[in-house]
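Heads up, the next two complexes both have chain A, just with different partners, chain B and then chain C.
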Partner chain A sequence: MEQVPVSEDYKFGFNDGDIGILKLDKGLNEAIVREISRIKEEPEWMTEFRVKAYHHFVNTPMQNWGADLSHLDFESIRYYVKPSERAEHSWEDVPTEIKDTFEKLGIPEAEQKFLAGVSTQYESEVVYHSIHKELEDKGVIFLDTDSALREHPDLFKKYFAKLIPYTDNKFSALNTAVWSGGSFIYVPKGVKLDQPLQSYFRINSENMGQFERTLIIVDEGADVHYVEGCTAPTYSTDSLHSAVVEIYVEKGGRCRYTTIQNWSNNVYNLVTKRALCEEAASMEWIDGNIGSKVTMKYPAVVLKGDYSKGTTISIAVASAGQHQDAGAKMIHLGRNTASTIISKSIARNGGNVTYRGLVEHGAKAIGAKSNIECDTIIMDEISKSDTIPFNKIKNGLSTLEHEAKVSKVSEEQLFYLMSRGLSEEKATEMIVMGFIEPFARELPMEYAVELNQLMKMEMEGSIG
Partner chain B sequence: MSQPKLEITNLQAAVEDKTILKGINLTVRGGEIHAIMGPNGNGKSTLAGVLMGNPKYQVCSGTATLDEADLLALPVDERSKAGMFLAMQYPSEIGGVTNADFLRSAVNAHRGEGNEIGLFPFVKKLNQSVKKLEMREDLPHRYLNEGFSGGEKKRNEILQMMMLEPKMAILDEIDSGLDIDALRIVGTNVTQLVKDREQEMGVILITHYQRLLDYIQPDFVHVLIDGQIVKTGGPELAKRLEEDGYDWLKEELGLKSLTLEADTEETTRPANIGACGTRQKLGL
Partner chain C sequence: MNMLPEQLQTYLGPDAQHALVIGEEGLQFNNTPLTVNTLGDTTHTNQAYFQQVMQRTVQPLTTYRPADDTLVIELAAEVVVEQPLHVIYVHHEAVFRRHVLFVAQPFSEAKIIEHHIIADAHQPMLIEQTLEVIVRDEAKLEYASFDAFAEMAQLQMSRFGIVERSATLTWSLGSFSSGDTQTENITQLVGAGATCQSTLMTIGMGEQKQTHLVRIDQLAPYTSGVITNHGVMRERSQGNFDGIGFIEKGAHQANAQQESRFMVLDDQAKATTNPILLIDEYDVTAGHAASVGRVDEETLYYLQSRGLSNHEANALVTLGFLMPLIETVSDERLREKLLHVIETKVSQHV
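Showing the complex of A and B:
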């Protein structure tokens, strides 16, 4: 049995002790799926839906492409932990232990300064949740997904699992069977939110999977930016994070979804994210992958409506023992649809990064335009990078440009910067930070700062 | 303020086992401007690179000191901090890093921890320099040399020199890629800087053309051929070279048999004989 190394310098790798009130046994069977649904007091349709998804999960073979998942043991994972009785609306009611953890992550301050609303996930259940009055007045719904099922059953049922059915892939089936928490956002027609909505996700129980389910509906002409940040403490056995995110952007609407995941380096991060754009709608995925042991994530935009637009800007950083297999999918169905993919990868210290992307121009996607740019820096001889683009063009009246570049931190650039007095370490850092700048500039200020710090921590000791 | 002194003694250096510099002797003091001329492929840029510490070159023997600092023993960044500056012939492009961020980091690296330059004085000095060099106003926010024209890159080198205030500046073919206006701007700024700094900065100009020397009046002109300084004179030497080329000099020095073009040199001269790598192996 291979021992997974414990990272000693993982910044957020603290552990507050196990405070989960309710824990189910490890492993998965139909009874556990039913139990999860029972504890959550869900309507019967959801219970049966979960069970169907569970059977599909069991009957679906493990995929044989992408990253190596052979060490992932579904039986060693706990599929549900409930940390406190219910979602809280006021900060005062949140248990102290949980607050302490958030304090270390700087959540309350971040809230004061930047948040319009907070939905913070701790273990499997959302424990703290608040909506700024302004949002309520505008009719915006910002809930944890469990509450949304209770409070807005019709809206929920209309959209849930329609874009990513449980039959989509093995992990969407798993998520559908055991999902818990996540964010539910509805932005009414014409409502534009100036400040991003944010959520902090966190795994804090050994061998506990996290299966949040996020559903975002941006109505006609509305505009929202949702920011999800992930950090996880370090454990010595494998954890699984397998989320499903579905986003609907109606006519003329715009949605931006920003994530920087920094899972500790024993987490399998296997996520399905997909957005559907109606006419003249716009979807932007800003996707950062720094942590985890294995990530497989390819945010997708289905450009159904004419003149709709999809953008994915991503970075992936892989160090020793890490494989980032990430990319983007753009499915052009409507006319004059446009997509942009900018992917920046860094492999160092024996890490492995793969860009895997799919761009498809359907038979009716006349005038579709795609721009794909994949850049990779390989920092040393032992690291590895692959670029695997699939381009399917089914009509003769669309254009696609693909540019891929792999480079090393060049001796020439280092010499240039060092000749101005910068140390080798500082010069390398500057070149790397410059490399990911097209991603960093898309982030809200405090996330850009956090990314900076994370990258500096990552780069430390990479010289010599 | 003291007058710096760069002292190069019997410097020999090679690139990929081929000896380029075959014993350079040169002393440059603060306030002096030295022009180094010579045909292509004879070691001018090698000399610049070796002094700054370009890893492409291997030093075989000799010394180079700037005041007390033993340059050849220092890593590149320490040479810069000791006061060396090299305006490069082909400056690198660094995407995603703004000129302002880069320059501020560089200035602070020189000043040291706890003595960082304030934002306001930095911006003021940067803007003044941008103005003097008649560069685009948005320069601080543009990425370092990315998408710059040849002339902009060269002016940016001079800008960095103005910001870092070195003791000894080597300008490697700073005139190539400059149109006549840019040449004037660069030339007058370098001259002014040397003047303003009184005896605190020396300059080594590497150039092919008299036209740069119309704007920067050298005190000394050296001719570098086949890895050695074969002749030293005043400004009149540069003028003669401009008018008559190098043939008269070759004749005078008995260098007739030597082919001076870099391309043919490689094929006519046995690559390894005399290369310092070989010499070292043989213990010579």
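Showing the complex of A and C:
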């Protein structure tokens, strides 16, 4: 009944050839880790830190829960590629080939003027980086993480790997050993940014892992919205994306982190994301997982300060051959902390989607409140879905509400829409778009439009 | 037909018509349509069911150890019993493992009420009981079991069910003992149109740990599995509900619903609820709701403004929280008894 829709090819069907200038051999050993650090001219402590993390990675067994990672071959991955000698600062200097790809991705040059700052990651290194003057005047630091290590060593060392140590899990160890690129943001006290900061990440070389490291520090009373968008061209062999994102939100600060992840269907997307909220701080993860072969991603918020607030709004769409194992974690430590999780999952064309989450109210998190809502639509008979939430309450004065639904596209709704003259395909699309609306409305306008296009392409061919 | 000892007669009340007592003195029957055999003496069909669910279940919570005693209790085909059937276990030994296979043959209907009586309440005890209930085609079985032991007794109850075509199995379980309690209740709906409804209520007190796992596997189309767990945690007790609803591929038009709720009355009490849905089929409806919360301050304030003490108000709210589950018990006498047990439990101070 199902045929591979034409759109599956079209979606990522461009490939700019290989433009990387410097490449290391495939596979990983201590020498390669040291070589990466040497090429980047890093300080001694970072080199040693990478090596320590590498040894921890080697000695940590693969986890036996969640998605199937048995086909992941660490030896066939190239851990570092440098596309050009230095990070470009003006648009004119950016190679035409890279510009072409952006063109296909739909980022017009004119968008610069609209965006507050663009740090575009193309292959492991940042090649284009522009900061609006206004940002610089406000004292906001928005750099790629490598430059931040060079230019702000003290600030960097104070926060780096403190929230997610390399001992956290196997993939945080791997990332710490071979990290390259990513964004570094520091928003000073009381600075509120109206425009979101954006960055495009791309994997373009075959078998090239991308291990970006993002560090965001939102100082007291500051406010920032960071947007990370990922797209990748189709390749036939397995590729690995293993990022680490650490966010510190100081007293009264607010951070929103928006991701639309759309890796091609051969990418293992294994990401560790964690934020720490001080008193009355607020952290919001807006997380969309559409592409990739396997996703394991559970954005976490540690609500340390009293009256702090954590929110995760996510969607996951799993199609043929995909396993989206995503969810959220909320760790309440402070009093009167609040968290909300809204998760919408869609499984179609034989996809497998899992919601896996943890909400924990510590013994001192008196008056904590949590609301969890996870809904799933299974679109056809070959797809499946699991919902695995853990809710732990360690004090008697907090409240938790959890609700979940799993269903197919409602036949009554379909019937109604079709009775009003819509085709089955159009009606299904409308129902699905309505289903993910709580996520879509949180996105900046241009991303919402992009998501709409993506979802429409995803849904094409889903009616037999 | 043996007569029941006077003590048990009083325990069950004058209305009790059918009873089966399993104790040290062997079996005592009182006008019961049940037949009891050892495993070796029962029919081959019944023997084939022995340990069937347990072996198919992926991860039993407790490792199965050979029982000291294995019994096969059978309700014959097409026998319909209106009045509740009391099955009474009298425990004498300090450590006892029993395995019971209960078979409700096709088209039979009955309400079973399971009782556990401890001969000497002052002696430490470990009771491990494994129960397998087979509900065959078109049969209807209600299985109620409530325990309220003193602190000395440790309980490990494993209950398994197989429900065949168009048959119904209703579990009404209550865990009101004062010692640490661990139970698992795993039911497989193997025939089309099979239904299982499982309700479990518990009150945790003192330093007690309560762990309950309820799982319904839906392996056939048109099946319905409904899990309802309500727990009240007092003082420094810890409660844990694991609810799992699994729908296998091909079990179309299946319905899996789950509700796991904890009410926490004291600051030090802890509660964990893990409502898990594993869905491999698309033409289904499934949902779960879970909550952990304390008593609504406004409700407490209102009740106290009407003259109730804080303690009485808490007790009343607890009762209200468990009431929807108590109401699912069809036998009126058992409902009254349950209310009494819960009232005693909530008015206790430790």
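The rule is simple: the second predicted complex is superposed on the first by the 448 of 464 C-alpha atoms of A that agree within 3 Å, B and C clash if a C-alpha of one lies under 4 Å from a C-alpha of the other, contacts with A are read in each partner's own complex, and residues count from 1 in each chain.
The rule we apply is simple: a residue touches a chain if its C-beta (ideal position, glycine included) is under 8 Å from a C-beta of that chain, and two chains touch if they have at least 3 such contacts.
Owing to the predicted nature of the structure, the values given are computational and were not obtained by experimental measurement.
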item: When chain B and chain C are modelled together on chain A, clash or fit; value: fit
item: Touching partner for A:Ile431 - first (chain B), second (chain C), both, neither; value: first
item: Superposition-derived angle with apex at the Cα centre of chain A and sides reaching chain B and chain C, degrees in steps of 10; value: 60
item: First, second, both or neither for A:Lys192, with chain B first and chain C second; value: neither
item: First, second, both or neither for A:His71, with chain B first and chain C second; value: neither
item: Partner chain in contact with A:Ser419 - chain B first, chain C second, else both or neither; value: first
item: First (chain B), second (chain C), both or neither touched by A:His402; value: second
item: Touched partner set for A:Ser383, first chain B, second chain C, both or neither; value: second
item: Which superposed partner A:Lys392 touches (first chain B, second chain C, both, neither); value: second
item: First, second, both or neither for A:Lys158, with chain B first and chain C second; value: neither
item: Overlay on shared chain A, then closest C-alpha pair between chain B and chain C (Å); value: 15
item: Set of chain A residues, in rising order, touched by both chain B and chain C; value: none
item: Chain A residues touching chain B - in the complex, by the definition given at the top; value: 410-413, 415-424, 426-427, 430-431, 433-438
item: Contacting residues of chain B [partner chain A, same complex]; value: 52-56, 75-77, 79-81, 84-86, 88, 91-92, 94-97, 101-102, 105-106, 109-110, 143-144, 160, 164
item: In the complex with chain C, residue positions of chain A that touch it; value: 347, 361, 366, 376, 378-408
item: List of chain C residues in touch with chain A within their complex; value: 233, 249, 262, 264-294
